[in-house]
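I've put the structures underneath this note.
Next, two complexes with subunit A in common: one pairs it with subunit B, the other with subunit C.
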Partner chain A sequence: MTRHRHHARDTLRAMSIMGTRVVRTEDPVFLSRGATYTDDLTDERLTGALHLTFVRSPLAHATITAVDVEGARNAPGVVDVVTGTDIDLVAPKLFAGAADGMERPWLATDKVRFVGEPVAAVLTEDSYQGQDAADLVEIDYDPLPAVVDLRAAASDEVLLFESAGTNTSNGFGLGKQFDEHLFDGCDVVVTREIVNQRLAAASLETRAATAVWGEDGRVTVWCSTQNAQAARDAIAGWLGIDVALVHVITPDVGGGFGAKIGADPEFALVAWLARRTGRPVRWSETRSENMTGMVHGRAQLQTVTIGGNREGDVLAYRLDVLADAGAYPRLGSLLPYFTRMMAPGVYDIPKVESRARVVVTTTTSTGAYRGAGRPEATAAIERAMDLFAAEIGLDPAEVRRRNVIDPGAFPFRTKGGAVYDTGEYAQALDKVLDASGYAALRAEQAVRRERGDVVQLGIGVSVFVEITGGGAFAEDASVQVHPDGTVTVLTGTSPHGQGHATAWAMLAHSHLGIPIEKITVRHGDTDLIPRGGGTMGSRSLQTGGVAVYQAAGELVEVAKRRAADLLEADVDDLVVADGAVTVVGTTTGVTLAELAGRAELKVDSVFDSGAPSFPFGAHVAVVEVDVESGKAVVDRIVTVDDAGPILNPLLAEGQRHGGIAQGISQALLEEVVYDADGNPLTATFVDYGFPSAAELPSFTLVDMATPTHLNPLGAKGIGEAGTIGATPAVQSAVIDAVSHLGVRHIDMPATPVRVWEAINAARGSGGARVDTAGSAQ
Partner chain B sequence: MIPVGFAYERPDAVEGALELLAEHGEDATVLAGGHSLLPVMKLRLGTPELIIDIGRLSELSYVRVEGDEVAIGAGTRHHAVETSDVVAAEVPLLAAVARTVGDPQVRHRGTLGGSLAHADPASDLPAAVLALGGTVVLRSLRGDRYVPITAFYTGVFSSVREPDELVVEVRVPRTGGAGWAYEKFTRRANDWAIVGVAVVDGRVGLVNMGSTPLRASATEAALAEGASIVDAAMLADRDTDPPADVAGTKEYRRHLARVFARRALTTAIVA
Partner chain C sequence: MKIEMTVNGEATAADVEPRLLLAHYLRDVIGLKATNIGCDTTSCGACTVLLDGESVKSCTLLAVQADAQSVVTMEGLSPDPGSLHPVAAAFRAEHGLQCGFCTPGMVMAAVGLLRENPTPTEREVREGLEGNLCRCTGYHNIVRAVLLASGQDPDTARPGAAGDGLVAPGFSVGSA
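Up next, the complex of A and B:
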C-alpha cells in the first residue's frame, strides 16, 4: 500500500515539474532593471567610499629601481598612495604546492614579473581622479629578459624567483622515469607536440571588490566570486584575522568560467586599504586590466605518444605536459593533476603513463577556465587517436569504437587513477554518428576532394569523459516554509549565470508543491550561509541541488509528522501536494503555511555524494575550409552530452550551447599571445579572438541520459561538456578538411594563417606528412 | 578606461567648427561618430585637449547627384550610405562596402568623412573611395580644397589635411552599371579586414596592404593590357608593404591580396 502510494506521488511529481522547460525566473530582472553587480552596489555603509586604482607594470620582467609617488599624492582628489613597502601583510603563496619563494607580493617592490602586475595603489575620492593620479606615479625599471617560452622557462636560464633557484613551481609524476619499454610490441608509434593554448576567460563582468569595516571590528567585503565562503576564508587568511571577522557577500556575478574561483589577492588589499584609511574602498577593474590581471586558462605544451597495432588497437599512451603557471603560481598549477587523471579518456588502454612539470613565466598567472585540466587531457588523447588512425589508415570513428571502455566494465578504474561511475561510450559515439549522417558526410567529402573544390569539407569526431562534482563532494541546503506560504532556500552553490534560482526552486517545488514564484533562493552571503563550496567544476546540481532536493524531501516528512498529530491521522495516509498535507482520498488537510505558522518549518540538510561523477559524450563537427585563404567555418556541430536525467532542459541546453561556443572558439579563434618581450598582444577585444554569434553555427543537441548511482537525481554535471567535447572535434575537423593535402596537425587556434601555412608546408614537402606548430609558449 | 580630461565644444554650424579648428589647430580633434576616436582616448593613447563635436551637424549629412559625381556629406552615417537609393543606383560599390563596416551600432554612429579622415589603412571605406577615384573636400576659414583621394593619404593615421581643415564632403564618380565587388577577409564578422579588395570598373583598391590604402596598379595595368584576371591578380601585391600581426604575416597578406583580387575581379567582371 505504502509503496504504491509513494509510486503514485513520484509519478505525479515527475509530471508536475521535473524535467520540464521552466523559463528562468531570474531573467525578468536581468533583462529589465538589470542585475546588481559589485560595482553597482548602493549601500549606506558605502557612503564616502574611496576608489582604488592600481598602477601596473608596463614591463614583463624588470627590477624596480625607484618609485616616486609624490606627484600622485598631490594630485586632485588623492587621499592615499600606497606602495608595497607600506603593506604589513605576509606575501601570500597563491598555490600551496608551489616552490618556496614564489609568493606574490601585494604590490611589487623589488621586481615585476608580468605586464599588468600591480606596483602601487592610488585611493581617490572618485575613479576619474584615480586614473589621472595613477599616471603621475613615476616608477623606474631596469628591464630583465622576459621568459615566455615554456622550454626556456624550464631551462632555468633566466630565473623569475632567485630565492626559489628554479622556475619549476611544482610537478606531478616527475619522480618516476618514463618506462622505456612502454611501446614494446606496438606495430605503430606516433609522437607529436601539441599546444593547448592560453585563453582568457573574458567574463563580461570584470573583477570587483568593495570593503567596509564596521565598528564591531568585522569587515564586509562584496566581491565578484564563484564561491563566497572560499573567498571569505582566503581574505581572512591573507589579512591574518579570524574568519568570523569577515563577512563576504556576492551580489550578481557576471560570469566567471573558473577565473573567479575563490578570491584574488586584490580583494584582501581592498579590505586592508579600507582599514588603513578608515573609509570604505571600492575597486572595479577595466577591461584592459582584466585581460592581463585576471587568471588565464589552459596554457599547456603537451607531447603525446601513442602506439598500437595495425588492426586499430591502442596498446600504450604517454602524455608529457609542460604547463604554464604564469608569473605567480595559482590554481592553474594544480590543473595538470586533472589532466593526468583524465589522460586515457574513454579508452581502455593497457599501458598509460604521464607526467607534468609546471613552470613560471613572465606572464599573467593561470587558473581554471571552463573544464580546467580536463579539456587539455581530452584534446591530447583525441588528437593522439586521430594521429594513430591516420597512421594506420583507418577511419577515426572506427578506431575510437574499437578502443572505448566496454559498458559492462563499470565502475571502471582507469590507468589515470580515476574510478568512472558510468559509461556508454560506444552508444554515445553511434548516436552522434547517426545524428550527423557521418557516412553521407564522408561521401560528400570524397566528392569535394575528387573535384578539387576550393572549399573542402572536414569532419571531426571526439568521444570524451570528464569529472564533475570533484573536489568538495558535500554541500549544505536549507529549506524553510514561511507562514505566508513563501519558501526560502539557502544554498552554498552560488550562481554566476547558471540559473540556480530557477533550478533550486524546481527542486523544492517538486516536493512541496508550492509554486516556484513563491520560492526564493538565497546564496552568496557568508553570514546567512556559512558553509558552501560554490559553483565550479560542474558540481552544483549533483551536490547543492541534490542537497536542496533532499532538504525539501525531509521537510515534507517533518510536515507530515506534524500534520498527523494535528489531523489525528496516520502519517502513511498523508500526501503532500500543492503546498498542503492532506489525508489521501479526502479533502481533510492542512497547508504547509499553516504548519509553519504553528512552529518553524525548516530543514537543514547536508548531501555528500562521496565521489565525483564522470559524464561523457561524443561530438561531430563539420567544418568547411577555404583552402586558398585557410579560413575554417563551422558548418554544423552535433553533440551527445550525457549528464544523466535532465532537471530543466532549457538550462542544460544553455550550458551546452555556451560550452560548445567556447570550445569552437578555442579551436578556431582564441589565444592569448605574448611577444618575445612578454608584451601582451591580445589585451583588448579587438585583438583577442572572443567569438560572436556570427562565428557559430546552430547546434544539434542529441539526448542521452545515463543516470549515476551517486545521487538520488541520477544527475551529473553539464557545465563543461562543450569545452571538453567540442574543442577537439572542431580542431580535428579542420585538419581533416586538409588532410588529403598532406596535413596531419595544426595547433589551436586553427586560424586562417595557420591553416594556410600548414597547407603550404605540406605542398612544399611534396605532400609528405607535415604540420604547423603554434606559438609554443 | 577613462580618458584624460579634455575640453568639449559642439558648434551648431560648420562655420563654428572651422573657427575652433583655426584657433586650436593641432590641439583639437574632431569628433563625428567617435567609434575610432573614443577607444583611443579611453586607452589614453590619444589625449586631445579639445574635442570639437560635429556629430549633430545635419548640414554635413546628405547624398546628392551633382553632374557625373555623387556628393556625400562627410557626416553621413555608414548606415545612411548603406541604405541610400542614390548610392545604390549610382555607386553600388560604396553601399556594399559601407555594409561591411563594424556592426549595426557602429554603422549608425560612424560617418563616411570620419572614416576617411581617420586614415586607418585597415578601414574599408578609404580603399573603396580610392578604387572609385573619389575626391575629398577639405574646408577651412582659408577656403575649400579638393584633394583627389590618390593624394590624400600620407601614412598610417595621417593625411594632407591641415590642422585647421575639416573634411566636409566626399565626391565619387557615378559608376552606374560598371562591374564592382568587395572582398573583405576577416577572422570574425565584426573585425577589421585582414585584407580587403575593392574592385570597380577595372580599378582595384587594397585594404590593409600598407601604411595607406593602396591601388593595385600593376594589376590594373595588366588588365588594361588585356591580361587574364588570373594573371593580373597575381600582381595585386606588387609594391605593397603589408603589416605583420597576430592575424597574419606579410607573406600571408600578399597571398590573400592575390586571391581576393582574383575573386573580386571575377565577380566584378563576370557578374
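Up next, the complex of A and C:
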C-alpha cells in the first residue's frame, strides 16, 4: 500500500463530514429541558444562596450627600446591606489605557456618573425581598450638569473626574497634525459628519453571576461570559488574590455579541459579598438594569473627507473620530484603534489619515458590540464612497469597482497599517450585483421615479473587509479518546450560540472517525481548561477550531505509532477510520478505545495563526421607502460573505443571518438615546426597538470561499460579517430611495421621522442637497 | 394564597405570595427552568407558555391567575431529549436556535400559532411570532422551522401578501 493511497482515503473520509450541514448536537437538550444559564443553576453548593439586588443611581451626574440604609436593613429577609465605604477593594481602572483618575468605584461613594451606577448592594433570602428592600435605601443627591454631547465632553467644561483634569480618556493618532495637503490634486472633495449611533447588545440573557467560597479558600464563580479565563484573571486581580484561588465556570450563555467579553466588576462584587457573608450569593439583573448596566457599543461621531477625480478614482481619505467611552472607560475605548486600522476598507487609496479621541460622558460605559470598531470604519468609508459617487454622478457600484484593491496585490499592506491576507473584492461585488439583479433593480427604480410613486425603491451597495481573529492568535485544544470509545475535546473558546459543541466534534470526527454523538466538547471551566482566549472577534474557528483539528490529527499519529507496535505493522500501512486503526487492505486492527484502555490516549496542542485574517464580502440591500410617511422597509438583502471554506454551512449561515439582522436593525431601528440631562430614554425593550420577525425579510445568501494561508483549514471568521456589510448597505439604500428628491445623507437609524424630515427639507430647499443628521451623543 | 395547577400533565400545588409571577412559580417553586425571563415589559416572549392551550407570557400573569388551570412548558412538549416534539424537531432541523434563550418561548409561541393556523404563509408566521424576540438568528431559520413544522417545504412555502411583489407590508402601490 502506498502512502498516496491512504492519504486519498483520509481526504475522502474527511470530506464526508467537513462542509456538511450537520444539525447541532446541543439542540436536543436545548429543545427539551432547555439550556442551563447562570440563573438556572441548581448546584448543591448554592443551597441557601443569598440574592443580590443593586441600588442604582437615578441621576446621570450628582454628588452623593447622604446614604441611609437603616430602613432597608430592617426589612423582611434582609441579611446585609453594603455601601461603598464597606468595601476594602481597590477601585479598578477598567481600561488600562485610560487617563489616571478614571477608576470605577465598586459602589459609588462621593459621586455618581451615569444612570444605573451601583450605589448600594442588598442581600436577601429571596429576590422579591431584594426589590422591596432596595426601595428602602435612601440616598440624597446633589445634581451636577450631565455631559451627553461628545463635543461638550471634549471641551472639558464639565469634568467627570476632577483628578484626571480632562474628559479625554485616551486617543489614537492625536500626536500628529492632519496633512493640510492631503487633498491636493483632487477635482472633488466631499466632507461630512456621520453619527454611528450608540447601540445596546441586548443579549436575551442579561448579566448574571453566582459565587461560593470553599473550605479550601478558593472561590467558584459561575458567570455569563464569553471568556471564562479572562473573567477568572480579572476577578482575581480585582479581589487582590492569587489567580489559583479563583475557579470560573461558564454555564450556557444566552448571547453576548461582544458585551460579555471578560468579567464585569459586579462579578467580583458577587464573590466579595459571598466572602463577607459566608454564604453563596446569586445575582441576575433585570432588563432595565441591563440596558443601563451592560456595556453599549458603537457611539462614534465621525467626520469623513474624501477626494478624487471626476473619472471616479479616490485619491485621498480622512477619518476623524470622536468616540464615546461612557462614564468609566472600558473596552470601548480601545475600539477606535480598529476603526483606524480598517479605515480604508477594501479600497486602494493613495493617501489615508485618521485619528480618534475618546471622551468620557455621563452615560453607560461602552464596550464591544458585534464588529467592535470595524463596522464603524466600514460605515464611514462606504458612506464616503456614496457621497463621492453622488458628487461626480457615477453609479456607486461602479465607483467601488474602480477603487478596490487588485486581487494580485495580496498580501496587501494598507494605509491603515493592516496586512490583508487575501481579497477578491471585485469578484464579490460582481457576484452580489448579479445575484441581486442590480441592473433590473435600477430599471425598476427609474420607472418608479418617473411615475412619481409614493413607494420608491432604494438600492444600497456595500463592499467590506473586516478583521477576524485579531488580538489573540493562539488557542489551546485537548483531544482525548476514552476506553469506552467516547471522546472529550477541551477548548479555550467559549460558545454562546455559535455551535462549537457540534463544529468542534466535526473537526475531531474528521480525523478519528468516531461519531460526533460520542464526542463531548467542554469549554468555559478554568480548572479544566486553564488557558483560553474565549469567543469574540470572530476568532473561534480559525484559532480554537484549528487547534482541535490539529490535536485530533496529532492524536491519530500517536495512535498509529502505538498500533504499529501492537500489530507489528509498519506505521505507513496503517489507516484510521471509524474509530479504529487498521492495516490497509486487511481486517487486522485495533480500536482507538482499546488503545486508550492500554494507556492514556490524549493530545494537547496549541495552534498559533500568528496573524489575523481579513474576510470580506459585498451586500446589496433593496429598500422601499414611502415618501409620504418616511417609512423604510427592507424588501430584500443579498449578501456575499467570504470566510474561506465553510466547516458547517448550517452554522455559518446562522451567523450570517443574525449579523444581517443586527445590521438592518442599526440602519433602521436601534439607538440608545439619552436626554440632555443624561436620562436614558431607551432602558426597556418597549423603548429600545430591535426587530421581531415581522420587521425583517428572509435573506439571500451567496457563497464565495477564498481560503486564507494562515491556517490548515483555510478558514476565516464569519460571526460579524453580516453586521459589518449589511449596515451600510441598508443605510445607503434608504438614502438612495430618496436621493432623486435631493437627499444626500440620513443618519442611522433611518427612522420614518428622519427620512420624512430629509425629504421635506429637500423639497423645501427646492431640491438642493439636504442632510439629516442624528444626535451627536 | 394556596393554588393548584396542572403543569405538563402533573398536579402541582403551593402556598404563594399573591404577587408571585407565573414565570417565577414555574422556575423557582416547581423548578422548571426552561422558561426564561428576558425583559420586564412583556416584550420579548422568552417566558411564553401554554395556558389551557393558548400561548401566554408567563411574566405577565400572576401565578394565582393560573390557579386551577393547565400549563404546558417546553419541558412538557418533549420530556425526552431523544424524542423531540415535531415543532422542537423542526427548530433543530432548520437551525432555528443559537444561544437558546428565546427558544423555549419561541417554540411555545410556534405551537400556539400552528394550533390557530395550521398552514401559515411566511408572512403569517412572521406576524404570528411578532411578540417573541430573538437576537441571534435574524428569524430566518425560525420562520423556516415553523413552516417545516406545519408540513410545508420552507423553500417553496407561500410567502404571503408581503412577499408577493416588491411592495412591503402596509404600503400601497398607488402613484402620487
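We adopt the following convention: the second predicted complex is superposed on the first by the 769 of 777 C-alpha atoms of A that agree within 3 Å, B and C clash if a C-alpha of one lies under 4 Å from a C-alpha of the other, contacts with A are read in each partner's own complex, and residues count from 1 in each chain.
Rule of thumb we're sticking to: a residue touches a chain if its C-beta (ideal position, glycine included) is under 8 Å from a C-beta of that chain, and two chains touch if they have at least 3 such contacts.
Given the structure is predicted, the values throughout are model-derived calculations rather than measurements.
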Partners on subunit A (subunit B, subunit C) - clash or fit = fit
Tell me which partner A:T587 touches in the superposition: subunit B (first), subunit C (second), both or neither.
-> neither
Counting residues of subunit A in contact, which comes out ahead: subunit B or subunit C?
-> C
Once both structures are overlaid, what angle do subunit B and subunit C make about subunit A, taking C-alpha centres and a multiple of 10 degrees?
-> 40
Is A:R451 in contact with subunit B, with subunit C, with both, or with neither (first, second, both, neither)?
-> second
Regarding the shared-chain residue A:F699, is it in contact with subunit B (first), subunit C (second), both, or neither?
-> second
Can A:T682 be said to touch subunit B (first), subunit C (second), both, or neither?
-> first
Where does A:V753 make contact in the superposed view: on subunit B (first), on subunit C (second), on both, or on neither?
-> first
If you stack the two complexes on chain A, which partner ends up touching A:Q177: first (subunit B), second (subunit C), both, or neither?
-> neither
Rounded to a whole Å, what is the shortest Cα gap between subunit B and subunit C in the overlaid structures?
-> 5
Common ground on subunit A, meaning residues reached by subunit C in one complex and by subunit B in the other | 128, 286-288, 628, 631, 684, 686, 691-692, 694
In the complex of these two chains, what residues of subunit C are touching subunit A?
-> 17, 19-20, 27, 31, 33-36, 38-41, 43-44, 46, 74-75, 77-82, 84, 88-89, 91-93, 95, 97-104, 107, 122, 125-127, 129-143, 163, 166-176
Within their complex, state which residues of subunit A touch subunit C.
-> 23-24, 26-37, 40, 42, 128, 201-206, 252-255, 257, 286-288, 444, 451-455, 457, 496-499, 622, 624, 626-628, 631, 633-635, 650-651, 653-654, 657-662, 684-686, 690-694, 696-699, 722
Mind listing the subunit B positions that touch subunit A in their complex?
-> 1-2, 4-5, 43-44, 185, 187-192, 194, 245-249, 252, 255-256, 259-260
Along subunit A, where are the residues that touch subunit B in the complex?
-> 127-128, 131-132, 135, 286-288, 628-629, 631, 669, 673, 681-682, 684, 686-687, 689, 691-692, 694-695, 751-753, 756-757
